[in-house]
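In this document, chain identifiers A, B and C correspond to the written order of the chains, with residue numbering beginning at 1 in each.
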Amino acid sequence: MSGYLEGVLVLLAINVVYAYAAFLPIAAGQLNLGVAGFAAVGGYASAYLSTTLALSPLIAIPLGGVAAGLVGLGVAVPVLRTRGIYLALATFALGEIVRASILNLEVVGGAAGYPVTAFIRLPTIAMFALGVTVLVWLLFATRFGIAITAVHDDERVADLMGLDVRAFQVAAFTLGSVIAGIGGGLYAHHFSYIEAQYFSISLSISIVLYVLFGGTQSVIGPLLGAAVFTLLPELLRGSAQWRYVLFAAILIVVMVIRPQGLITGAQIRRLLGLRSSASQKERAA
Amino acid sequence: MLGSIYAMIGVALTLSIGVLKFLNFSIPGVFMIGGMSTWLFIRHGMPWPLAGLCALAVGASASLVVERFTWRWMRNAQEFVPLVSSMAFLILFENLAVAYWGSDLQSLPQLFGNADWRIGGLVISIPQLLGLALSIVLIWGLSLLLSRTRIGRGLRTIAEDSDTAILLGVDISRIVPIVFVIGGLFAALAGVLFALNYRQVHPFMGEALGLKGISAMVVGGMGNIWGAIAGGLIIGMAEALSIRYLGADFVDISVYGLLLFILMVRPTGLFGGASAGARA
Amino acid sequence: MSATDPILTLDNVSKHFGGLAVVENLSFAVRRGACTGLIGPNGAGKTTVFNLITGVYPIDTGRIVLDGVDIAKIPSRRRIHHGVARNFQNIRLMPHLSTLENVLVGQHCRNGGLFGVLQPVSLVPGNRWREEARAALEEAGLAAYERATVGSLPYGLQKRIELVRALMAKPRLLLLDEPAAGLNPAETDALRERITAICRDRGITLLVVEHDMHFVGALCADVIVLNFGRKIAEGTPEHVREDALVREAYLGADAMEPRYAS
């Protein structure tokens, strides 16, 4: 495999992981604007563990995810008492605090960045990305997936149906933070070097944009969004800035034409349930 | 002190949240446009007052473009869509600026000679003082506009309930752009004042400085324009204190730490609670 | 009401919004196994009573006793576990879920532990809960719409799905808020027969808010009439129809005949 292709596929796999990290809270009706911050916690924690304690990245990266999840839990529990935009703002603040804190944390290199000795290649990264995708997929085939969509659609009725709305929101958010941390760990161990500036608000925003572009109503949406926005720039020539300009412009236009994202839950069901919708038409006729 | 800059960005953000329940992430981008345009016009030989006015026009126009592509289409879409589109605009504005002028720091010439005013050991920059006074006057004007005029009444009706406003005959599609123009003017003016006072602009100034306006807005209480001023001054003060006692590296931690702390402890902000439409 | 074995008792319940009393010192009992109608003019507080029973709003004073338990002290989320389920006046299904998934949400209170939540109900073809939900849809004649996204279905179907969802909780007391609203006469008759059969077969007690007096008269043995948040009459449908206060409330003092809302 050429180095270029491997590079693109690595980016794709990491972006898929990030996209699911942002997707879980969005599916439950909460916006996480600090995905990059949680990725930074996971990235630095796992890098620290694998570098100083010589842990295998296969263990250090999930542990980094746990660290990010704990931070997520710590924010979600107090902030989810209130509603809507407050959590988005709190996660935004948290992302900036994490970034600024790392700049001052000499034990992981501070502003100079942090070199990571352990190195993982595409197969490992792809395995993690696949694992995360399958996990989220399975989760949405359980009552949990139905419940968080229910919470997203109508909190009041979900509560009256006996669903613990806050517990589901906290769970979705925390699990998303864990996944973000894993994404950060993958990034750190592939690129052998991390710096705080990578985990900026721009990264968080881009990730949320992938997910909304792909569609938030099904588990395929984030996959599609991450794929389009990793592969599309590679097909285009021109500088990084123009790619970003195009990325943003496409997104703005798509949101105008198709605010529900490229793919919706109803479409998936139609694809999967060809027979039943055909029989439905028969009966209706 | 940057407090008055944050206050003006905070006012632009809070106006959008208060009236439209829309967290407009493109506002820091418009702030950058205000600053970069001022630099650009002065570099092309315009006198600074004219450059500032032109920069305001550019900022307001950019804000109108945002209105066309976010609010107008998505009033009934899923809750996060306008927010996310406004973020896309922030990325768009930043990278357009980088694509045309590069990501370097650009410097403006010294415009006012030495205009510092010394009282004992205290150094007060007169342009900065004028900037603060100007922003307070403008915010006072805005509050008069909101409370006294027909447009203001329309805006307050929309803030209560946009469906009712339509029933009452408020022409939303004509009045909402006004919110974006006013917000754009405030954000761009913050950019102009920043450019003239600090004489340094760059494409990511919106991200680095403009986003602190969000802290100003939340600390003061979302939807409350006087709260945004108080919030801006508090954020400016927190910055000055953390530079003095903790070092320049801790500025962002203090500002965003304060934001997170307020959100956890008192999400309605220090002066919030009574104002309409703080929910999103 | 001289109900000897009430399943639900409201005891001096009051609710104020701001300075406005929407329910004032309301007491009534619902006979076990019977069907009780809750009627009254618009704004009488009927839906509010439902919201107080299910905990959408906390009550200001009084007690709401369900089978000996004061459910007013229980958080709204736990009340369905005590056997009270409801539908909504303006249908409130989850628009992004399929019909089957909406019905699965109705089972949550019976299968909501960590193990239940992580059960792959949509993945394993023979899953017990999934089969139960499908059987319920089949019984209600809705099997064809199992995979349809409910947001795209017509109003009448959504109303029927909402009823199936409420029944999935296996309630002892079912609260129906205007179940016949928006249905044509044939549909209304079919609905009445279905509700009667369900309640008889499963031993469910019914409390119905309804405008349609024909529907209430045919379905309910007991009727409670509210006006301005107070109880103004109760008894059999015939008795209530003759009551002067009720006539006045519905039509003003010169009333000749209670209106039969369509």
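Following the convention adopted for this analysis, a residue touches a chain if its C-beta (ideal position, glycine included) is under 8 Å from a C-beta of that chain, and two chains touch if they have at least 3 such contacts.
Here the structure is a predicted model, which means the values were calculated and not measured.
Of all chains, the one whose mean C-alpha position sits at the greatest distance from that of subunit C is B.
Of all chains shown, A has the CA centroid lying nearest to the centroid of every protein CA atom.
Spacing of subunit B relative to subunit C, judged by their CA centroids, is 50 angstrom. Between the Cα centres of subunit A and subunit C there is a gap of 41 Å. The distance from the centre of subunit A to the centre of subunit B, with each centre set as the mean of the Cα atoms, comes to 29 Å.
Considering their complex, residues 138, 140-147, 149-150, 152-154, 156-165, 217, 265-266, 269, 272-273, 276-277, 279-280, 283-284 of subunit A touch subunit C. The part of subunit A that touches subunit B in the complex is made up of residues 26, 29, 31, 75, 78-79, 82-86, 88-90, 92-94, 96-97, 99-101, 103-104, 200-202, 205-206, 208-209, 212, 216, 239, 241-242, 244-245, 247-249, 251-253, 255-256, 259-260.
Every residue of subunit C that touches subunit A in the complex is listed here, in rising order: 54-56, 76-81, 86, 88, 92, 94-98, 101, 104-106, 108-109, 111-112, 116-123, 144-149, 151-152, 165, 169. Those residues of subunit B that touch subunit A in the complex are listed here as 17, 23, 25, 69-70, 73-74, 77-81, 83-85, 87-92, 94-96, 98-99, 207, 211, 214-215, 218, 249-253, 256-257, 259-260, 263-264, 267, 279-280.
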